[in-house]
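Chain nomenclature is as follows: A, B, C and D, assigned in order of appearance, with residue numbering initiated at 1 for each chain independently.
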Amino acid sequence: MNDLAYTVAFVIFAAITVGAAFGVVTKNNLVHSALLMALCFIGLGGLYVLLQADFLAAVQILVYNGAIAIVFVLGTMLTRRSTRHGTNETDENSPSAWIAALSGLFVAVTLGVIMHTPWRYSAAGPVQDTPDVLAQLILTDYMLMMEAAAVLLLAAMIGAIVLAKGVNAE
Amino acid sequence: MIGLAHFLAVAAIVFALGLYGVLTKRTIVGMLMGIELMLNAVNLNLVAFSRFITPEILTGQVFAIFTITVAAAEVAVGLALFFRVYRDRNTVHVARLNTMRW
Amino acid sequence: MFSQYALDHAWLIPLLPAAACMIIGVFLRRLPVLAATAAIGMSLLSFILAAGVAAGMFAQGITIEQPLVYKIPWLTLPGLAVDMGVYLDPLSVMMLVVVTLVALVVQLYSVGYMHGDEGFGRFFSYISLFAAAMLGLVIAVNFLQLFVFWELVGLCSYLLIGYYFHKISAREAAKKAFMTTRVGDFGLLIGILLLQFLFGTLDFQALPVQIPAYLVQHGSGLLTVVALLLFVGPIGKSGQFPLHVWLPDAMEGPTPVSALIHAATMVVAGVYLVARAFFLFSALPEAMAVIAWVGAFTACFAASIALTQRDIKRILAYSTISQLGYMMLALGVGSLTASMFHLLTHAFFKALLFLAAGAVLHGLPGKNDIFEMGGLRRKMPATFAAMVIGVLAISGIPPFAGFFSKDEILLAVFAVSKPLYAVAMVTAFMTTFYMARLLFVVFCGPEKSGQQAHEAPLSMKIPMAILGLLAIVGGYIPYTAGFGDWVRFGPAAHLAFDWKIAGSSTLLALAAIGLAWLIYGSGCNTAAVLARRSGLAYQLSYHKYYLDEAYLWLNHTLVDGFGKLLSWLELHVVEGILKGLAGLVGQLGNGLRKAQSGNLRVYGLVMFGAAMLMLLWLLFDPLLKGLLAGGGY
Amino acid sequence: MAGFPILTAILLTLVAGIVLLALLPRSANQAVKLMTAAVMSIALGLTLYVYKAYDAGVGGLQFVEQVPWIKELGVSYSLGVDGISLPLLLLTMLVGYASIFASWDVHERPKEFFIHLLLLIVGAVGTFISQDLFIFLLFYELGIVPSYLLVLGWGSEKRVSKEYAGMKLTIYLLLGSAFMLAGVVLLYLYALPEGLRSFNMAALAQAAGNVTEPVQIIAFFFLLLGFGSTLSMWPFYSWAPDGYAAAPTGVSMIHAGVLKKVGAYGLIRLGLLVLPAGVAFWAPFIALFAVANIVYAAFVAIAQQDLKYVVAYSSISHIGYILLGVAALNLISLDGAIANMVAHGLMSALFFAMIGLVEVKTKTRHIPDLGGLAHQLPRIAAGLMLAGMSSLGLPGLIGFVPEFTIFLGAFRTYPVYTLLAISGIVFTALYILRLLANVLFGPRKAEFDQCRDASGVEMVPLVVLGSVLVLFGVFPQWLMGMVNSGMEPAWAQLMQHLPAASALLGGVFQ
């Protein structure tokens, strides 16, 4: 892959990601926001591909787009509302200006740090067969964490069911 | 030439947008979305570092996978809470959930 | 044989009554007969031992200069070594005999007097402990042992004066006795501390050796202070002015206790202490002068109060104070012999007087005022006889016991100071006068109506007989047997018998008796007129110069007031400051609570803002900068 | 028995007792009390053995146990007793033992009560036998928490509510311990260089010379604040009267008898032996405070109407003697101070036990309501007499000799203060005699005719504490000799390590 193509691809994916993220937080309609979030995730998946994390890109698309974004949309739809307009408004009470300034400051500072840090790039080439290596890692070095994650998911599932279903008052 | 810095910049912007979303949105769902954006920004950072600094070890990707797992769990519980609150209170506005205030 | 045994086992003398106290207290409290038997038995044993010790002393020639001392270490610390032991010299042996004898007689008397009292066992337990404490004091080998038993004597007097504790007056009298003597002990304790501090020892054998050298080196200033502080103890204990106020109130105890306190234990402890520490006092002329004047003043002062008192036991109490003043006076003019001689005879006749007074009170229950009595001579002949002997003895009519000792004192005083001699003579006159007044009012004249007097039982008569005999011969025999050769300080100095002094004091006494007869005995009823005429003087004397009231005022107004004031401060100021502090903290919390607005956005803003600040700080931290510049990641 | 960790055994006995109590069913009231009594008896027996087996001729630390715990910080589980701590250990056990029986009438949740009481005792025991500062602080804090719960759960209300009293007590003690912690950390950091640092008391005492004078002064000031409030030193005493009055009898006994002494013990163990220059600087102030304690509290006690308040202020007043002994800075006064801790502990515990009985029998503590109790309750009256006489320093009881030695030592350093302090014995006599007279003597009051005198287990505190009061009073050497065997080597070490300070401190007492 030549540099130009790589650059173009990066710009496109980055633009999608940032633009969609911007939409997520500015749109007034919750459904629109959710859909834009899905788009943002796709852009991120593209960036992962560019970073040669193909397995992760797949996971990103599958989990975020296939599950999380859909759950958001579905959840939004489940609430009984005739119109979706104004469901994702910005709180007028919140110190939005301050928050925007803070966010901007964060970006500025972070960019400054990124620019001024002399990164030590590694010369080694990327791993080609990422799923294989990832599987090795997860099932050996990070075994305990995987188990913990499994328990966490189970607990989250049970919790979600219980919360959503509701417990009898008695 | 696209390098680490560019990916980090994208991540920083997404993170800041997520932060803004979390702190400004009126509803729980909107806030949850903001959180998702922030988590994703972090994931991008992890993968990018992994790619450029230690390409031969995939630790960063492993972390990203775990983050995704946690995010999934978080969304599930968060939305369940959202339903619950909506059903009990008939509102999803955070400002009205003020029973814990003094 | 036995005397050697007694000398070796002299430590048993105080221990036996102490054991009796323990046995009665633990086992025999509800068994009156056994309790009395145990107490009297132990007292008898210790009297026999004491007599044996006296015999041994004569046989072995133990003198003031060569005492027989046994001691064991009691407390050994760096800088403080205290022994407990037995110190036998003629002085302490005399005291041992007197104390055990009087204690024994008083206990015998109590069997009759206390008969049927519900606290019979308790009484004998206390009185045994009292004797034990006094005996321990007498044989003390050092100041600390003396102080230990001194305080125990105080405790026992507290218990015994407050024996009828259901009476408020008894309770208050007991408290007053303890409290007043405590004030004296305050000085005594400081004196003892200073002695230990100056000499590093409190031993009665070691101190006399060190003191002359100290005096040569440092002069007498500080030591005089020490001596005067030590003397504060005897002032309290022996009822010297101004701490005598507890003694008349101590009459609230049962009469045998009064007899014991006034005759042989407790009050003479102070005199004994001065005698014991005479090596110190006699070296300090200023201290001696103070002792003499305090003694003389007390003697005269107390006698003047006794002139007008109406309570039979109170009259005797003031006479005790007066006689103690005499003993102090004798010590103050440097005559240990005269003082101790008077102590000895006084023990006999004062005990006798008290037992006789007790017999009167026993025969006339519920009456204390002498003017409610009268003509008891016919109903109570034995008691009357005892009282006559006692009065003649205390008045110093020859050949009764008091004559010899009083004469000795007057001789000694005359040799030293004429003003003191005058005071002593005035006191002697007053003493005889009020004692005669007591005798005439109670026993002569017409019987008062509704008087159901009866004579004392035999168990009370026998002790009175014993003491009566002693009050007659107790002066003459020791006088001729060379009392002064044994009990003395320094070389035996026999003052020549002076006919002028002896004659004038006897004549004075007879005159006083005659005057008393004129006023109280002849039936002319001049007493009331006299009282009216004397006006202020009478009031002052009758109200004991208002000293009690003054102390009461001091106690209730100053001490209590100060206590109340501090207590108020405690409740309002101290507590107020604390509450103020607590309120301040509460206000702070209230203020900070406002920050907990519950607004999630503000929380988030603050959190991230803080995170940003930390980030910025990290960025500009030189250390981190160096790290970043040094290669980074 | 050499090598047998007997001190740990004492601690473990008590801890095992707590565990066993926790396992007992809630309703087993009698079993709970019997179990507590049995545990305390074993512990007391072991302590008596230690007291007997301790070789006073050799002196110094004995029965030492040491197990490293946190090596990085120099913390070790280190126990041991010497002549300073052993009498206090014995005191703790005796008072603890008596307090169990004085609490026999607790019917409300006895299980929890006795667990907390035992925890309190464990805390006190631990502070006295630990030779490691870290462990010391641990046990010290352990004593505070249960006292709070005990006051709140089983206390009584009088001048102030029990919540207020408990809160006051706890806040005072915790604030004090915060200052103490600051002092200890300062000491820890400055005494030894990094890498060699240790919390071991002996090691710290050895290194006393390394700490510069200003640091010593500051560190001692913190310790003084901390231990001073534990000790109810003037002006940090305000928690004591309310706390004692509100606390249940057993807790008052342990608090006044034992926990207070932890403060004085700490002041001597840490303050004096480790920070001599700090002590030398602060000693005049301590002496002043001591006199304030003695005189001020005595006067306040005179005006009190509640039995417990009288004894509480009397206890504050007596603390002044201990402080004076510490401030005087010579061997004999320190001997006296430590012995006085034991003496005061025993007698105030007896006092509180008897007051508890009076309250149980007559249902009141208000002095004007009481009177003539010697008619109906002669045994309790005897107990109160014993405690009162001991309190006013009657020879033949335990209080006299320690006070005498304190005065003797203090006279050298502060003659005027000592005179004032001795005048305190007059005022002490005043309020004690008044209390005895107004409560015990006087006409028989019909309303108390139904009261039954103490009997059975109620007699245990009187018999145990009373007999020790008399025993140590008649044979003071048993106590003083033991104390001196601990104090003398410690003092010698202090003098040896600090030749400069010895001039400062006025030299060894001849």
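In this text, a residue touches a chain if its C-beta (ideal position, glycine included) is under 8 Å from a C-beta of that chain, and two chains touch if they have at least 3 such contacts.
Because the structure is a prediction, the values reported are computed rather than measured.
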Where chain A and chain C are represented by their mean Cα positions, the distance between them in whole Å: 98
Gap in Å, rounded to a whole number, between the CA centres of chain C and chain B: 93
Rounded Å distance between chain A and chain D, as computed from the means of their C-alpha atoms: 65
Whole-Å gap separating chain C and chain D, where each centre is the average of the chain's CA atoms: 35
Per-residue overlap in chain D, given as positions that touch at least 2 other chains: none
Contacts with two or more other chains, residues of chain A listed in rising order: 91, 93-94, 99, 102, 106, 119-120
Residues of chain B whose C-beta touches two or more other chains: 19, 23-24, 53, 94-95
Chain contact graph, described as a line, ring, star, complete graph or other shape: other
Contacting chain pairs - touch in the sense defined above: A-B, A-C, B-C, C-D
Chain B-facing residues of chain A, complex: 3, 6-7, 10, 14, 17-18, 21-22, 24-25, 30, 33-34, 37, 40-41, 44, 47-48, 50-53, 55-56, 59-60, 63-64, 67-68, 71-72, 75-76, 78-79, 87-91, 93-94, 96, 99-100, 102-104, 106-107, 110-111, 114-115, 119-122, 124-127, 130, 133-134, 137-138, 142, 145, 149, 152-153, 155-157, 159-164, 166
Chain D to chain C touching residues, read off their complex: 159, 168, 235, 238, 296, 299-304, 331-332, 335, 372, 374-375, 389, 392, 394-396, 400-401, 404-405, 407-409, 411-412, 418-419, 422-423, 425-427, 429-430, 433-434, 436-437, 440-444, 476-477, 480-481, 484, 488, 509-510
Chain A to chain C touching residues, read off their complex: 91, 93-95, 98-99, 102, 105-106, 109, 113, 116-120
Residue ranges of chain C touching chain A (in the complex, touch as defined): 599, 601-602, 605, 608-609, 612, 615-616, 619, 628, 631-633
Complex contacts: residues of chain B adjacent to chain A: 1-10, 12-21, 23-27, 29-30, 32-34, 36-37, 40, 43-44, 47-48, 50-56, 58-59, 61-62, 64-66, 68-77, 79-84, 86-87, 92-95
